[in-house]
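So, here's a batch of structures to check.
Both complexes below contain chain A, partnered by chain B and then by chain C.
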Partner chain A sequence: MKEAIRVEHLYFSYEKGVETLKDISFNVNKGEYVALIGHNGSGKSTLSKLLCYLLPADKGQIFVDDIEVKEENESLLRKKIGIVFQNPDNQFIGSTVEDDIAFGLENRNIPREEMVRLVHEFASKVGMIKYLNKSPDELSGGQKQRVAIAGILALGLKIIIFDEATSMLDPEGVEDIKKLIMEMKKEDPELTFISITHDIEEAYISDRVIILNKGEIFLDGKPNEVFQKEDLLKSIGLDIPFIMKVKSSLKDKNVQIPNEINNIEELSDYLCK
Partner chain B sequence: MKNVFGKLTPYNTVIHRLDSRIKMLALIGFMVICFLPYGNYANRFIILGILFAIILVIMAIAKCSFLSFLSNLKSLWFMMIFLLIIFVFVPQAGDTSSYHPIVTFPNGYQIYYEGLFQSLHVFFRLVMMIALTLILTSTTPPMEMTYALEWFLTPLRIIKFPTQVISMTISLALRFIPTLLDEANKIMKAQKSRGVDYEKGFLTKKIKSVTTLIVPLLSSCFSRSDELSLAMNARGYEPYGKRSSYRILKIGRNDIVALIIVFIIVAAFSTMCYFTQNVAGYDNFLHLWFGIGAF
Partner chain C sequence: MQVSCNNVTFVYDKKDPNHYDALKDINLEISKGEFVALVGKTGSGKSTLVQTLNALIKPTSGYTKVDYFIVTSDKKLFKEKMKELSEDEVKKNKKLYLLRKKVGLVFQFPEYQLFSVTVLKDVMFGPTNFNLTEEEAKKVSIEALKSVGIDESYFNKSPFELSGGEKRRVAIAGILASDPDILVLDEPTAGLDPDGKKEIMEVIKKVHEKGKTIILVTHDMDVVMNYAKKVVVLNDSKLVKITTPHELFDSDDIEKYSLEIPTLYKFKKLLVKKGYKKDLSNVYDFNSLIEVLGK
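On to the complex of A and B.
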């Protein structure tokens, strides 16, 4: 049993006749870092809501950690999978930073001492320890996103979805959060992480890329394989990572680059030899 | 725009540190003694004056901004005019034979000192109420007030009253007031830049321009609450489920001292009320003892 998520022939529509998601099937292994990419309106957020049972599927099945996603299992699912949404304003529930981080813990009926410890631990991990008693209207968008992230990470879930959860952070902030996730993955190799993102470079360093297009899975595989298919990606207007671009233009000029090279430092080392 | 309820001040005074339940009880106690009658008007003004002095001392301890107190009062002037009209110029009902006229018009219509004092009395009470609520709101985070409210409502759980749901609703409302005010501001600016004028024009035109604010504000409200409910759901919120609480309300030594002080003040004023209202000779003791204030 190595699967964190299994999706079988999933269909969903908000309005009759308009299929938002069509025949989606995929598996995610435990411990995988998945990047879910695609254009605006391709159905990424919708899919993530279906995975967490925030929306019920029309057809098809989803299993999260071998638990079928359906109404009877809702409270079980909440203990397995969590999501950070796009808009940080509308997910800030507590009146202050600490209250908000504690909200999910309160719902789990966690004893107070444990809660205080977790709130402080995760507030400092996302760099918000100095702002514990600030109210949301005193925080910037990026700071609110950090709080939302802390609120989910503190719950100790097995599967975490970030729906453009770092879109308002500065590059350094994004780097900090990435490092934090990597640390947590090191502590718990089974931690599965799905990142919905428009950042091609982030997708490139993930374990696995799933590309949605108009509600269907367009491509699914390792970043190296997926981003090889430059023409296919161009046909739906998606960009490819910088390093791939460099490699392919070098190839056009008849410079052969071995496949193992997949970041800028290695490439420059190789070329300077 | 954000300090509709009197903004919390960033100090850490004794009053700030008091338990919110004690503060709410004290507020209720003070309001009650504000509204008790204390014999005739001279008595009332003297006794309320003493009470006001006490309130001013508390304001000073709580480092309440006197300026924000005054700016709160500023909006009261029209209330004062209204009171004057009601009590002074509208003819008094009932027996006015013992009243003291200020002027008598040729047609027999009289304006009484009593009317003037009555309106001043009501006004004075209002000023004190504002001072009291200002002390509470500027020293207590809104959230703590909801915790206190939830605590006071706890006995209702016996009859299955959903106190947790009520307090969650209130705290969410409090949480989103500044956000929505911000949003209203933004929408107003956006509409102004499109040529909507919120200041000028007649009533019909004003109503029209206000709809350009209300409609987008409402629609954003709905989409917000939609997302908010998803976010709460995603983090495992169950309205009737068992939840632990991050905030705890703890009564300390200061709280007990404060409670005793408030109790003594309330008892003292209630006693004064009892004597001035029920015991002969005390109802206008100032007049009898010092020869002043026969009203």
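On to the complex of A and C.
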């Protein structure tokens, strides 16, 4: 099976008559890095909660690694898919960093020695090994977020969703976490990663972009194709990546930049030729 | 000087054998009406520093001064400083709420602190606590809500019915209703979409235009680039740089302190490095860049 996620005609409402998600269908292949973008209120976070069965769908079906997302399968699903949210204060459960990272592992009956090893491995991967005994009130927002990320990554899941999980991190932190995900993807090419983000530049370097607007899929495709549709994106108030913006503004000034130039490295080379 | 930090050092828990200085010997001055961004990587001490401004955190040594308010847990130093003040000012120093009224602090994710049954009641909580009558509190709260672009149709809604960006604006109104002289915001744009971000920043800009001092803690260098006039860089609990956005982004410090360089400046640096022929020294935003490239 190549599919990590299959979503078929999904509907969801928080209140009667207001559809938060409308007829959503898409597949995500194993190993894909998907950027899910759209305004606040477009349904991104709701969709991610449905994928993890944190909310039940009203209508439609979801399959995660071929397991149908429904109540009977909840414990199976917890071993497949995990999510990190944006506000670290709502995710800190343990009284120390060590306890917090161990929390998910403890619920999985992992032998103690293995658990201690995993906690240390991931604490060090997210740069928090020095803080194992610290309590959450001694940590900054970004540090707590690193801990939440370590807690999910340590579980060895096949599908990981970041719901703005790096929004509180400084750029070095974002870079560290990106590298870590890429390393993990290299080790396991089937690791599927869905990033809910407002960072257009991050979306631009993903494998695939899905744009939600008012609860519906607005665009879905490769970043290069999706971000070509400047007018369409503007119509729903979304920005386009810097490089696309420069190319299109220069075009208005009759400076043609060849199509194959797709990042600032290439553009600076071209302009300095 | 409206705000000054004088050799401010802070240790979270001295009894803890692993204790470390969250702030080390910070010296900083901010005048009335400035728009200052406080930047630095996670754990550099930004949030801790701003919390000394309204005495949620008191420096272990050294002191933060806001007008005539002295914030320190060094009792000897506090007594010494009191000698420099008038009798009235010394009295006021004992009333912490006066400082809290002067310095409005908007925390990270302030929308998580909304709690009242209606938007209006939530905003009224602050001014009511600062001894205004119900009627006065209502009046200032309505003004504050209008100033953040929340119109009357929202006043009787539950805050929980609002979108993320709206909730955050209500939370900011809750602080503005107490009419602080200094507005301190910790990561006000975190987690908002580009529209929400712009809305919040335009609200803050308007508050600044009314003559208030703005102190902003942020990782968002686009916000720094587009709004701040002065940037203070913290690194490993120390203050390492006071500069302007333009100078900071053009310098090499930006990588040194692992700050995010706005894509525009990244591109500009690449062009300079590769020997671009045209003069880029006046490029500071998108339009000025296109102006030069398109010539």
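In this section, the second predicted complex is superposed on the first by the 273 of 273 C-alpha atoms of A that agree within 3 Å, B and C clash if a C-alpha of one lies under 4 Å from a C-alpha of the other, contacts with A are read in each partner's own complex, and residues count from 1 in each chain.
Going forward, a residue touches a chain if its C-beta (ideal position, glycine included) is under 8 Å from a C-beta of that chain, and two chains touch if they have at least 3 such contacts.
Values in this document were obtained by computation on a predicted structure and should not be read as measured data.
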| item | value |
| --- | --- |
| Chain C versus chain B on the shared chain A, clash or fit after superposition | clash |
| First (chain B), second (chain C), both or neither touched by A:245 | second |
| Which superposed partner A:105 touches (first chain B, second chain C, both, neither) | first |
| Partner chain in contact with A:253 - chain B first, chain C second, else both or neither | second |
| First, second, both or neither for A:171, with chain B first and chain C second | second |
| First (chain B), second (chain C), both or neither touched by A:149 | neither |
| Touching partner for A:91 - first (chain B), second (chain C), both, neither | first |
| Which superposed partner A:49 touches (first chain B, second chain C, both, neither) | first |
| Shared chain A contacts, counted only where both chain B and chain C touch the same residue | 87, 89-90 |
| Of all residues in chain A, those that touch chain C in their complex | 38-41, 86-87, 89-90, 133-134, 138-143, 146, 164, 167-174, 198, 201, 237-239, 242, 245-246, 249-250, 253, 255, 264-265, 267-269, 271-272 |
| In the complex with chain B, residue positions of chain A that touch it | 49, 52, 54, 75, 78-79, 82-83, 85, 87, 89-96, 98-99, 102-112, 115-116, 119, 135-137, 151-152, 155 |
| Residue ranges of chain C in contact with chain A within the complex | 12-13, 18, 40-43, 47, 108-109, 112, 163-165, 187, 190-196, 219, 258-260, 263-264, 266-267, 270-271, 273-277, 286, 289-290, 293-294 |
| Contact set on chain B toward chain A in their complex | 2, 141-143, 171-172, 174-175, 178-179, 182, 224, 227-228, 230-238, 241-248 |
